[in-house]
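Two complexes are shown next, each including chain A; its partner changes from chain B in the first to chain C in the second.
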Partner chain A sequence: MADINIGAFKMQIGVISCSGEEMLGGTLTRMATRKVMEELRPGQAISLCLPLFLAGGEEERNFAKNFPVISVDACEKHCARKSTEKYSGRVRDCVVLTDFLDPEVIFSKTVSMKDLTEEHYHMVDKIAEEICKKIDAASAGS
Partner chain B sequence: MSKVKVAACSGIGKVFGLLSREAGLKVTEELCPELCEAVCLARVMTADEDAKESIEGKTCIAVDGCPKMCAAKTLEAAGGNVKAAFRAVDTMRAHRGEDAGTGTYLTEAGWNMAGELAEQVSEKVKELAKEEA
Partner chain C sequence: MSKEYAILPCNGLDKCAGCAAGELAIRLSEETGSEIICPVFYRVADTRYNRIAKEKPLLVIDGCASRCASKLAAEKGLKIVKKVNISEEAKSAGIALKTDSLRLGETEKLLIGNLADRLKTEEDTAESGQETSFFPAQLTYDTYQKDKFMFRIPEEEAFFFNENDVWAYVSGGKARIGVTDYVQQSLSDIMFFTAPNVGAEISQFDEVGSLESGKAVFEIVSPVSGTVTRVNEDLLNEPERINQNPYEQGWIAEIELADFEEDKGLLYDFNGYFPIMKRKVDEFHV
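Up next is the complex of A and B:
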């Protein structure tokens, strides 16, 4: 019989970012979520598409009903968290950029990916780190 | 005259979403910022009062990534007057075989596609702005 390594099992955790189009913070939430999913917690972090979630995507909604979800919002409107809670139930935890980054930067004009600076990439790393902390806590508590 | 509202889907899972996001941004920031403005789709979706008010009865353009058309559906549900809806997947179809990138980054071909889509959207913005003037 093949060994099953229970210790290596990592519960999948959904990450839903606001990706707001009117401010830089939205770009940063999107990039950080992608970074977590592709580089930092691949296979464990599953990105949920907010527009699809809200437009009736059953797959996204069911995932959020059955697995823990971390919302990543740029501002205090908490659009990603509110949407998840409206359609699928409470989020496990949330990351809000204005809680730990300069709001003036978060609310500044959004820029193309082409024009992002080194400072922006540092912010993405910081946000991604926060998301990972929440994922690890959710995973440990599950 | 109020500016034409441009909403990109920004879907996170695939390259289509990034193409729509970058195309929308190019239109609102570079090609015709005096005629149109970006709308934060998540805010409209969550029925944020300010965002809804800015959409209701207004001329809108949706820039979606995939055939699910989430941006167009959301604008319509919020009472927006959706005069045109674009899909990044259609732009990609015209470049079959070319690698546009992923949901994280665009290749040179992907940037070209985003530029092409942005040109189409900006032509529509100009046309609609002219009609409304």
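Up next is the complex of A and C:
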């Protein structure tokens, strides 16, 4: 479960992904986060919108201050993790695509959803799996 | 020939509209050679994106009413040439975007395709320029002075005022609205401007945004009813423009009028408002 019980408080877990347009990796983080929210851990974690977070979204920033957050970044620029730490505090855990996927694909140009390949969808599955592991670990309090 | 833009999409992840904004940006970049400005990375490293934004006309794609991309463009001082809001476009087209999923369905894809086709050929309309045909290039003012403070009121016949110290300049079925000098002098240094949503339908005396200074928060009460068609984006970054001149560079929004003949009955012209403002200044202004 992605809710943590600490005394009387029931905590939730947030996922904030880079979802950027600088490279294909951003698109993949977006799709993986969506897959986690809608298919793999529905109702067990909350997605935080990074562009809104950066634009001053109070709800997103307050959530990240009060609940554990897992950042999902495409590359070593760590936009999601650094932004969260700048405005809300340390993240509980982070997923970085270049740690376990082919950087050549991650750094390639963004493509329309209609042009995504089987390889891309396979990568989305792997990223989603990593996010789930972090959510489950945070839920278990490890 | 297809248009090439610098595209700044909101790229939101929380709503289907944000996902559609990102997909529209990618579609246009693939089909026209336009370049995408990543709204997240732009905040980290802006040099490269500033160059792109200067070289090509800037298209801003917002997903929802939060208008994150527009706010970012205002923060960076970019000149917006074209702006699209996915939620508003969907509403205009009679399309209900998904609320229970971020996945783009056939309806969303159709909307994206239609918008892409339109944007590839549509004429530019610079958003940060003044519309001289609608609003006069120069205004003439009458003034009332109290101590060192000067209170101006435009004398043009097309200006109308409500008792809440908000003006409307009315011409050809449209109105531009703003606050009067009494408001900006009373508030002193205005620090925040909360804009109304473009596309919002408002009734006369509805709230149409707010202003905040160190002294107070002022709710802008609309003098007219209709649909908000444009907001002065410059104020998001520089609300002090209202202090500089609330009638010219400090205007608030433009509204497509619903029934001005009816609204007019509850408004004042220059001659009616001047003594009201004078009394307020004498009684309340410190």
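Before moving on, here are some points about what is shown:
To be clear about the criterion, the second predicted complex is superposed on the first by the 130 of 142 C-alpha atoms of A that agree within 3 Å, B and C clash if a C-alpha of one lies under 4 Å from a C-alpha of the other, contacts with A are read in each partner's own complex, and residues count from 1 in each chain.
Everything that follows uses one rule, which is that contacts are C-beta pairs under 8 Å (C-beta built on N, C-alpha and C of every residue); 3 or more make two chains touch, one makes a residue touch a chain.
The model shown is predicted, which means the values in this text are computed figures rather than measured ones.
After alignment on the shared chain A, the placement of chain B and chain C results in a clash. When the two complexes are overlaid on their common chain A, residue A:113 makes contact with chain B and with chain C alike.
With both structures placed on the common chain, the touch criterion links A:26 to chain B and to chain C. Once the two complexes are laid over each other on the shared chain, residue contacts for A:54 go to chain B and to chain C alike.
By the touch criterion defined above, A:34 reaches both chain B and chain C. Comparing the two interfaces of chain A, the one with chain B and the one with chain C have residues 17-22, 26, 30, 33-34, 38, 47-52, 54-57, 77, 79-80, 82-83, 110-113 in common. Here chain A touches chain B in the complex through residues 17-23, 26, 30-31, 33-35, 38, 47-52, 54-57, 77, 79-80, 82-83, 86, 109-114, going by the rule given at the top. Contact residues of chain A toward chain C in the complex are 17-22, 26-27, 30, 33-34, 37-38, 47-52, 54-57, 77, 79-80, 82-83, 110-113. In the complex of the two chains, the chain C residues touching chain A come out as 9-15, 18-19, 22-23, 25-27, 29-30, 36-41, 43-44, 66, 68-69, 71-72, 101-104.
Touching chain A in their complex are the following residues of chain B: 7-13, 17-18, 21-22, 24-26, 29, 38-43, 45-46, 48, 68-71, 73-74, 103-106, 111.
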